[in-house]
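These are the structures in question, set out in turn.
Presented sequentially are two complexes of chain A, the first with chain B as partner and the second with chain C.
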Partner chain A sequence: MSENNLHNEQKLLNLLEKKFILKGGSVRRERRVEVKVEPKEIVPVLLYAKENSGYTAFTHMSCVDWIEDGEFEVVYILWHPEEKINFFVKTRVSRDNGTLPNIDFIWRQANTYEREIREMFGIQFEGLVGREEFILEDWEHMPPMRRDFDTVKFVEKTYFERPGREDAKDVREYVQERTDEELPDFAKKYSRD
Partner chain B sequence: MREKSTTLYIGPQHPGITGNMMVKLQVEGDTIVKAETHVGYLHRGFEKLMERRNWLQSFTIVCRICVPEPDPNEENYSRAVEEIEGREVPERAKYIRVMTLELARIATYLLWYGGQSGSAGLLTMGQWSVGDRNYILDLFEDLTGGRVYHMYIWPGGVRRDLPEGFKEKALRTMDYLEKRLDDYDKLLFENSIFQKRAKGVGIIDKNKAIEWGVVGPPLRGCGIQSDVRKDDPYEVYDKLDFEVPAMEGGDVWTRALVRRFEIRQSINLVRQVLDKMPGGEYYNKIPNPHKWTIPAGDAFVKTESARGEFGYYMVSDGGNKPRRVHVKGPAYVHGITLLENLLVGENVADVSFIMNSLGTCPPEIER
Partner chain C sequence: MYNDKESQKIVDIIQNYARKHSLFILAYGTGCGAIEIPPTMTSRYDAERFGIRGAATPRQADVLLITGYLATKSLKRVIKVYEQMQDPKYVIGFGSCTINGGMYWDSYNTINVLDKYIPVDVNINGCMPRPEAVIAGFVKLQKQIQEGKADGWDKYKKNLDYYKENQKKIITNWVMPDFNW
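Right, the complex of A and B next:
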């Protein structure tokens, strides 16, 4: 791929580098541009991309838990309908009481994404208006998409076995008893004890 | 005189709702003044499950995210893994993938025919089109072993080569379906009940559509030619010849027509792919799945599914399990912010009609 082909991608990056303080930026490949910013720069960068650079479509917003760094990475993905480029804006916030600016006044569908991230990760969005509950109803535990939320432990603690399974016997053991067949080694490995 | 306002709950179990979700409506007389989408009846936690499974085990559950059209999930998942890892896919596999995706698109539209006409009270249409969809499911059964969930497009290529006689059978099915399209036109599009119900209902504002996050047939039904297959070509779509139908109007009627024209394009695409398909390998073998690690990195890939742009955002930390997989389905916007706004001012009898025209699919909202 020649440099010439990435002209539009590079153009956006150069503009943003002049206007804003970026923590990093690169052209990932054809049709993919990425910048990293501080949380306070999110609204200016997104507004600039939408109003001045033609990135009018809000494609996606996602959150990744980097528990070892004590941070969440939030990714905003925009789309340029004419130049056909996806623009990634990444920012990092603390895992404890992390807050981000609300952007649903720029794209109203961002409201849904923010509600989900608030519920699943526990990031607060300043000024986010909307129903508190999105998917989880009456949830009192840790936000479940955090890495330290252990699904198996939660299930073992919260739910009980259906009546009639008190012996907690593996179905393979029943089969073995009934047929006098020796269980193969690979099947034993996954049995309950 | 202002009529008394009443709250109506449609769903989560309701024949007119496209899956398990609920629309809470505030109605005055027959007119909706406020609509709210409530989800949470179908959350299976796929994204969390994938964080505990290795790369190949995660592949087996992604198809469950969408029942009517599971293949874009598989294709997106595989392509995201391949992009992060830098794994090459054989040319033949790419052609087979495109064929699978297009067959899935036709099958989804045939199912949609049933939902769209059924919500207008025209039940014969669904009997015909869902019956014809079975011929495509037969093809899938021959190709993958599964009728609904295929688990066929996996990282590195596809799981099996085409079985013997598949090409001829697929071409025969395409010829049959093409003939049937005229029958469908007579039954649905020339039906005055459907025309009266569909024209001028659920209008999306063309100037706002892109900003609101509308994608797929609803966007093309506003007259905007937007299709991931053309805008951000993947697999071998840039080597194939097809058109992107778009129509001005923005109502249920144009959305239905756009889908109808797309079926014909997809039939042609399947023919082209079968014609141009090169020989050779169909799978670039992955290492032992238990020891298979993917270098650290992230990728966002997109596919044009039958309901619109489908995307996967995937992050790897260099381990043998995904760090994060975030599924973006078109219904995430169509079913919540768009639907809530479109329903205001509409008749309460048109709720499921509009929902079907947007292709709302709750499993994509909750995952």
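Right, the complex of A and C next:
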């Protein structure tokens, strides 16, 4: 892969670096550009990408729970239909009472993703219109996709269990016990602590 | 004539014989198991030779198939549907998810043991059970019906408090009418 192949990718990154204050940006590989911005820069960057650079398609919006840093990372994924480039815009908000700007005036379909993230992680979006209840019904506990939501404990408390599955509680620990194998750090719970 | 025990026995045999050869399945698919129903119904396995076929509405159906994992959200609908069905009605738990939770045993929104919420007559093991297994399950149900042992609907009436308590433990916002006779 020569440098010339990354021409289009580098062009976008250079433009954005001139226009905005980025916290970081890189060309990950062919057809994949990634920038990290502050939450207040989200709307300008996305608008610029859509109106001036041709990233017209909003593909996806996802959320990652970095519990060790006390932050959520929200990723906006855009697509350039002509140049075939994926553009990732990443931003970080606090885990408690994190608020992000609403972007459903740029792409209407973002409304669905935002409502899902609001329900599953508890991030608030300024001025987001839509029912609070989206996929979950009558949910009154912590948003379930947060990493500090202990599903196993919740299941033990809420649902019935048929006996005979006690050994399948945590497969990794079970394997470690059986084989005397040292678990690698990344496989342990809350590994960075 | 109906007070006569011997005659009643003969009537039961005839009734059960008729019931076991016309099992109408409610067209209601939950989870991934519903995909096994089309091959069971169509020419390859041809379930209709056992008298098994689809029914459009709960009031016309005899069998409720729970095909796979059951989210708490759809449990509400399943209870609604089950209570609308006419007696005698039978429930078949399909796949390991309805037995012990299967691969979703630690999921926050799927129930683990279906039998605690509605009475299950036959469980079919597997993930997924093949059409042969489905038909084997139905044959077992037919055998139970002929012997008069498939009495889950009767159990539900008699132990209504037990089932309601379990159901309301999960469905916190109960907006449905309560089922009673």
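Side notes on the structure shown:
Here is the rule we use: the second predicted complex is superposed on the first by the 159 of 193 C-alpha atoms of A that agree within 3 Å, B and C clash if a C-alpha of one lies under 4 Å from a C-alpha of the other, contacts with A are read in each partner's own complex, and residues count from 1 in each chain.
Methods note: a contact is a pair of C-beta atoms (placed from the backbone, for glycine too) under 8 Å apart; a residue touches a chain by one contact, two chains touch by 3 or more.
Just so we're clear, the structure is a prediction, and the values are computed from it rather than from any experiment.
By the touch criterion defined above, A:L136 reaches both chain B and chain C. Ranking chain B and chain C by residues of chain A touched puts B first. Contact with neither chain B nor chain C is seen for A:H7 once the two complexes are overlaid on the shared chain.
Using the contact criterion defined above for the overlaid structures, shared-chain residue A:H60 touches chain B, although it does not reach chain C. In the superposed model, A:P144 lies in contact with both chain B and chain C.
Using the contact criterion defined above for the overlaid structures, shared-chain residue A:K40 touches neither chain B nor chain C, since it reaches no partner. Contact with chain C, but none with chain B, is seen for A:F154 once the two complexes are overlaid on the shared chain. Once the two complexes are laid over each other on the shared chain, residue contacts for A:R32 go to chain B alone; chain C is not touched. In the superposition on the C-alpha atoms of chain A, the part of chain A touched by chain B in one complex and by chain C in the other spans residues 136-137, 144, 151.
By the touch rule above, chain A contacts chain B in their complex via residues 31-32, 56-60, 62-65, 75, 77, 81, 84, 86, 88, 107-109, 111-113, 131, 133-137, 144-145, 147, 151.
By the touch rule above, chain A contacts chain C in their complex via residues 136-138, 140, 144, 149, 151-152, 154-155, 158-162, 164-165, 168. Taken in their complex, chain C has these residues touching chain A: 72-73, 76, 99-101, 105-109, 111-113, 116, 166, 169-173. Across the interface of their complex, chain A is touched by residues 36, 39-40, 43, 45, 47-49, 51-52, 210-213, 226, 231-232, 298, 300, 309, 311, 313, 315, 323-324, 326, 328, 332-333, 336-338, 366 of chain B.
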